[in-house]
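Single-structure report; data block below.
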Amino acid sequence: MTATADTTAGPQSRLQTRNGIDFAVADLGLAEFGRKEIRLAQHEMPGLMELRREYAEARPLHGARIAGSLHMTVQTAVLIETLVSLGAEVRWVSCNIFSTQDHAAAATVLGPNGTPEEPQGVPVFAWKGETLEEYWWCTEQLFKFTDEQGNIVGPNMILDDGGDATLLVHKGVEYEKTGVVPTVEDEDLTVSDEYRIILDTLRRSLGEDPQRWTTVASDIRGVTEETTTGVHRLYQLAEQGLLLFPAINVNDSVTKSKFDNTYGIRHSLIDGLNRATDVLIGGKVALVCGFGDVGKGSAAALAGQGARVIVSEVDPICALQALLQGYQVARLEDVVDQADIIVTTTGNKDIVTVEAMARMKHQAIVANVGHFDNEIDVAGLGRYPGIRRLNIKPQVDEWVFPDGHSIILLSEGRLMNLGNATGHPSFVMSNSFSNQVIAQVELFTKYEEYNKDVYRLPKHLDEKVAKIHVLALGGELTKLTKDQAEYIGVDVEGPFKPEHYRY
Amino acid sequence: MTATADTTAGPQSRLQTRNGIDFAVADLGLAEFGRKEIRLAQHEMPGLMELRREYAEARPLHGARIAGSLHMTVQTAVLIETLVSLGAEVRWVSCNIFSTQDHAAAATVLGPNGTPEEPQGVPVFAWKGETLEEYWWCTEQLFKFTDEQGNIVGPNMILDDGGDATLLVHKGVEYEKTGVVPTVEDEDLTVSDEYRIILDTLRRSLGEDPQRWTTVASDIRGVTEETTTGVHRLYQLAEQGLLLFPAINVNDSVTKSKFDNTYGIRHSLIDGLNRATDVLIGGKVALVCGFGDVGKGSAAALAGQGARVIVSEVDPICALQALLQGYQVARLEDVVDQADIIVTTTGNKDIVTVEAMARMKHQAIVANVGHFDNEIDVAGLGRYPGIRRLNIKPQVDEWVFPDGHSIILLSEGRLMNLGNATGHPSFVMSNSFSNQVIAQVELFTKYEEYNKDVYRLPKHLDEKVAKIHVLALGGELTKLTKDQAEYIGVDVEGPFKPEHYRY
Amino acid sequence: MTATADTTAGPQSRLQTRNGIDFAVADLGLAEFGRKEIRLAQHEMPGLMELRREYAEARPLHGARIAGSLHMTVQTAVLIETLVSLGAEVRWVSCNIFSTQDHAAAATVLGPNGTPEEPQGVPVFAWKGETLEEYWWCTEQLFKFTDEQGNIVGPNMILDDGGDATLLVHKGVEYEKTGVVPTVEDEDLTVSDEYRIILDTLRRSLGEDPQRWTTVASDIRGVTEETTTGVHRLYQLAEQGLLLFPAINVNDSVTKSKFDNTYGIRHSLIDGLNRATDVLIGGKVALVCGFGDVGKGSAAALAGQGARVIVSEVDPICALQALLQGYQVARLEDVVDQADIIVTTTGNKDIVTVEAMARMKHQAIVANVGHFDNEIDVAGLGRYPGIRRLNIKPQVDEWVFPDGHSIILLSEGRLMNLGNATGHPSFVMSNSFSNQVIAQVELFTKYEEYNKDVYRLPKHLDEKVAKIHVLALGGELTKLTKDQAEYIGVDVEGPFKPEHYRY
Amino acid sequence: MTATADTTAGPQSRLQTRNGIDFAVADLGLAEFGRKEIRLAQHEMPGLMELRREYAEARPLHGARIAGSLHMTVQTAVLIETLVSLGAEVRWVSCNIFSTQDHAAAATVLGPNGTPEEPQGVPVFAWKGETLEEYWWCTEQLFKFTDEQGNIVGPNMILDDGGDATLLVHKGVEYEKTGVVPTVEDEDLTVSDEYRIILDTLRRSLGEDPQRWTTVASDIRGVTEETTTGVHRLYQLAEQGLLLFPAINVNDSVTKSKFDNTYGIRHSLIDGLNRATDVLIGGKVALVCGFGDVGKGSAAALAGQGARVIVSEVDPICALQALLQGYQVARLEDVVDQADIIVTTTGNKDIVTVEAMARMKHQAIVANVGHFDNEIDVAGLGRYPGIRRLNIKPQVDEWVFPDGHSIILLSEGRLMNLGNATGHPSFVMSNSFSNQVIAQVELFTKYEEYNKDVYRLPKHLDEKVAKIHVLALGGELTKLTKDQAEYIGVDVEGPFKPEHYRY
């Protein structure tokens, strides 16, 4: 037993080092179950497995030190394994305090052939239910690779989901340059609790090494970003001329946004409703707020189970699509008293107000698969005079209004497909994670061709990811003849569509 | 604390008596959670709640002593409450050794307002995972009501699912008349283990009271039977002139067979697949064996999630329905190597042989929602040379063939919608249980009008059950004018269709 | 040119005789187009073609003289050819004054290899747009076969649709026995115009031969009846002990009622709407009145084109099915002002009243696929004060209410899938017509085994018809092992289900 | 009668002038029927009608002289009326020699209140079945407006579909500048027959007025273009710096490309199949070549009728969409012998080769809804040794191969939704035509803000068009609060999505 648990107070008490691997996870004993699930998931992630085969010899990520911040789940474990098999060194954290699957984290630390005594995997710093202090401490650990001489060095690549790893570097550099990390008193603006913790983290780290973040940043060849929110931040940085390294926007690959959002939700919305409530969906009236990619998947799933779906929409183009697919389009306030199930998919806030909930049918189910928990006015619910909250089981609460009617709120208004079910299935994640791997290879090997700007993956790589998954599902692709390709003005190998094509 | 636990060996050690209620359940401490789920389920069982309202004053089951043998779940708890609210005394057991939900059993013993010290509910004898000895001991307890003088008396009604309570009475009477309960030596035929236990039970009970079962039988006004198997037994008894009291076949009410089987499975198949495997159903090839009511629901559910469904069928009429609904119809042996998900729905045996499983795709999922576990050759699988079984989690096993490919078998081949999910949702059960309540009232109050034969509920009662559930879903029914009713030769209040109408 | 046109006034002026074949059709010149369509239809009627092959040698209808009264369409032409190829002599009329396809009638007279000068086909007496006098004169011609000696003899089999041929025989025998055909003065009851014509027809025929109808009836081995209405009459006759020969009810074969009504309408409703109006169905609100077999097909068709379907229903069981399939269920009066398309499927009358039409949206489309034109109050529409009728094109009328809004009425309220499109497609008719052929063979060859009662075809023949069509669609049927068949208590060759099975 | 028919040979013999309106149509007698259909279509084109209301006072096209080249159908007639009601003077031709609906052309000339003697409508030069000479003569007439002084002047706006009107101007200017219209001998390249006719047309017109086309071009403020092909030409001209005036690409508005192609085809494919063949679609195997917008609509339509759909695709992203929606994806050559219906939707050529047709099932139906008739190798079919063509009815041919099997080819391989049915329904066209009107207003009133380049309509106008149609279908749009709009960074009135959003 070579483990050495840090005994100082705070998150670092979680830190262990065994067999040269440092990590902080809930329980290595969960690794065996994690290993089983990872093995099964590999088969459902043909994109990642194909990339392993394709790059088995070339190992294009040899020399890469990747700092990864993305939900530490079974699927992510397969992603991490893939990055390693392409030659990379990897350190990992979750990008959300609740989203770690502890068995996946444990198995990732252990590695396929490791033992609890001699783990052979990857340093992971993540457990389900971190505090915000713990979360940012974990994120900080991403930047502590060790070189062959045993010196601490930074990563040369970031793989980000939501942009927190990237944020830390950029803020670190910013304050390093201004010479001081602001304290709350320094700033006029109201600082959120979380931002205060980020500042504390940076202050401490710059206390240790005043050039820490410029050093880190100078090594980084680029970042590949998974989601809308993170991409939004990157575009803002680029516009302001503050982006420190090139970025690839993985989110807007077709095989990401049009598959994750629609087909992933089609699967996991139903799954979450069933696990949470066991209520028959057939015959019920379901109100789906929003008919974007997520709303389209939600409506399809509910209709596929025999519900009658009503859609509310702001955007008339999406509303017209809903109508032409046979859905009723109405305003929430006009139909909310008829709905048995209310699903928010908008990415906006205040979609389901407490006034709306006060008017709902008894035991109406309220669920969010959009973005943040402010799609539903959970805070307002708690403040409603005379309301009572009855917890039925984890992530399922009955809120009883003074008039006696109640609503069933799932996952406290947070993403219920993660909270009440297990999120997107492996096959869906295989698409977006394949884009991630390809983007990492692209930036790591060709970073000199990129400016400090935000790029999308070229369409032929999007098509490559799709092709692997088509073949995995048994689909057979037709091949253009040279003559046909010329006729429509494309290459026989693609890309097959203009950039603005909508799919 | 007035509980008195019987300390003799055997099942009776489970027996407790508190506040005049005898019972044997896993843990009364689970009652609170059970109570919550029952409360939520009430809203989803409008048929039962409407019958409570309708009969609130009349209490037509006043004087009824009902012996109930039917899966002791949350939904059944709502059924039991309903029978009680209509005036009945009730005793209850599960009709399957695994199907009891312990929290539902506990809450039923406690009753809505009882406490663990002073339960006010119903005697339940059921826990998850009974042995067969325990099961038949429990069933025997059904027949021990107490009259006002404190004497043990039998029930005057049976509510049965599968016919085990009815079997015990009929076999008891048979052996009482022959004067001896056979032992294995008495009989030429091979006696199954379970039947041996039934004989032991009867021998013991007749040892206590040699006229026990004729006494019991003479009090019974009738039985209402829930399922195909039990109904089959009843018709056999009736044909042989051995049926001891009238029976109502609830199974073949339209609101039972065409709703349970199709819409219940449409819900719970998906649910079971998701909880067991988290595998994306969309894009997969699903082979559904059988296109009867259950197969129709299965295919709809899988297609609704974006799977490509292939149907195998024996009956050309059902096969033609499958084709005209857009499904491919093929023989299992011709397509089993293309399928990702294989679902049996036939009620027959040897549908998926071990040879078929040997030819399946790697990690193909094999699931049964038909009837018994012999639809899939689980026994053959265990005997396959060189095969290994890896348990992934409860009710999910990976069986690895010597060539390295594996299949994922759910619930060991037993009904996976019960084993991997929670069975039919409340709303679906509200339909069949409403038929049960109506049938109990009918037979209890009008038993003199019935012969010792098997009856179906008249169509107007089937329509009544449907009507309650239509209104609960917000549907509005059209009313025939007198003129219109005459024109098509029906009554304005129905029934609206001839007996042979197929829906 | 050997044709001899009867020059006397009345229908007989239509009568021609060429090459020993007597007939009365619109124009033999249409035969070539009819021939093409018949040839194409043969391929879509695999049931009939398979029966031709199966019985090619046995020719079990040799000696049969079949009087057929059924819409003289292309599909019926293939039926007639089939009966002939099985050995029968055939005479034919349409069972509806509008339903004859003149090119089909012409081609049937000509036969596959005939010429206008030397037709080699079947005597047909039918044209589009007969008067009622003509209609009954045609029907009378059914009974005038010629034997080898050139004597007029009656048929020995009837193939009926709606029962008019059967009616004529029964009424003829009735009045022959009473010795007088009543005139209007003889009877108290109000006699409809059509019945007056029937009486005239019988009076004339009995004038020619006073034993005509008892002679005819005595030869007839049985009748096979296609539809609900005809079957209803037969059951009435049987109950009154008046049925003169055995009857087979083809209508209630599963391969008739569950296929024709549902899948036939799913096809032809859409077809009729499109040909009549060219209005986009997607996005529209469609109200389907009735959710029986026809309503189920209608709703599926409209939803399949992207309409939002609302169902109105009287029968709560059917209403519950509609709800569980995701349709809204409402009363016509509550939603009629929201609907763009209103379809009646009930077989009842006064479903869409003129008051309802007065409240409809501008240019709402009103269409009937139920039964008679009284489902929609067309008569009331004509009497509405100030209403104007604008004919748009044949079978499409715009009725403009005084307030300026209009409705589009299709086919004057009669069956619009026939009036605005071409009725059920060949493949659907192949199912019911195969039942007809099988029923003819059964009754003709085994008539001695039947009493003067109404029979349904045994289930194994229903399954046989289904099997042929399954194979024609490329479906492959699974075969039960002997062991499996015993396990579920059926024969390996079927029938596979109990009589009361609902499919 | 003031009509003066030009008696010279050639197309000009069609030319008439009555009541100051010159025109060339098939038969003014068809105007009454055309008028009825236009009136009904108005209600189905709410976008156009709303624009009439909105601009009733402003009449923003006052002063516009629009040369329109777009299929002269009933829907186009409503478009023309709309342009006129906004103040424009209009001259019109069809952009396809077969696509004119003669009754629509006649009614457009007549105008709503005109008479054959005194038409009050618009000069139309179009009839069904023009020769190519006639076609280009008609197109030339577009450019002959008359000013108040009676002088011939050119248009100041073009509304184009396919770009032929724009082509004539550009080629005219080109040759005017080079000083000579080339003859075949002048050019090395092979000149198509059609191009030869264009050159003849230009030569004749420049013979009449050597500055004709520079004069015309100098007046034109811009062109709005309807389709892919025309847009493609415009982008080429713009890239080469040859574009003579600004252009708006209407084709790539979402409310055009994602609605026309998908929902229009979903309607009209089924319609064409039914009118052409009456074959039951349910139960059949349908191969859809291509899964772009048109393929998606085709597959939905066929599946909605109960066909089993197989998709062939080149583009793996579209193929993956097909799989995840439950369709089989295969290569044509692997499944063509299983398909009953083959539909091409690709816009490419040689999709269905004669070799493929030689291997098809007997009576397989081959239909194109893609683009040109070269999607199917019709020419190769005609050259196949021993093949016979049997015309069944207009636009329906049976081609019989020497081995006896035949295929049914619709519309000779041209767009069968136009050839066998009536094309896109009015409601769909209302979307694209509303974009046209808006684009005309935009360019006519703000042409000075535009360069000689190709523009897409701004998203808020796309959303405006959608909104009108949402409301027309009874949909109710939700309104963002100011707070919500800020939260997602949009204006409360939209546009609601970034440019790259895919819908």
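For clarity, chains are labelled A, B, C and D in written order, and residue numbers in each chain start from 1.
Heads up, the rule we're going with is that a residue touches a chain if its C-beta (ideal position, glycine included) is under 8 Å from a C-beta of that chain, and two chains touch if they have at least 3 such contacts.
Quick caveat, the model's predicted, so the values are computed rather than measured.
Engineer: Would you mind checking which chain's C-alpha centre is most distant from the centre of chain C?
Structural biologist: A
Engineer: Looking only at C-beta pairs that count as contacts, which pair of chains has more of them, B-D or A-B?
Structural biologist: So, comparing the two chain pairs, more contacts are at A-B.
Engineer: How many angstrom lie between the centres of chain B and chain D, each centre taken as the mean Cα position?
Structural biologist: Computed value for the inter-centroid distance: 61 Å.
Engineer: Using mean CA coordinates as chain centres, what's the gap between chain A and chain B in Å?
Structural biologist: The answer is 42 Å.
Engineer: What parts of chain D, by residue number, touch at least two of the other chains?
Structural biologist: 263, 282-283, 303, 306, 320, 323-324, 328, 473
Engineer: For chain C, which residues count as touching chain A in their complex?
Structural biologist: Touch residues, chain C against chain A: 282-283, 303, 306-309, 320, 323-328.
Engineer: Within their complex, state which residues of chain A touch chain D.
Structural biologist: Within the complex, chain A touches chain D at residues 252, 254-255, 257-259, 263, 312-324, 328-332, 334, 347-350, 462-464, 466-467, 469-470, 473, 475-481, 483-484, 487-488, 494, 496-497, 500, 502-503.
Engineer: Note which residues of chain A are touching chain B in the complex, please.
Structural biologist: For this pair, the touching residues of chain A are 33, 36-37, 40, 43-44, 263-264, 266-267, 270-271, 274-275, 277-285, 300-301, 303-306, 338, 362-363, 390, 392-393, 398, 408, 421-422, 425-428, 473-474.
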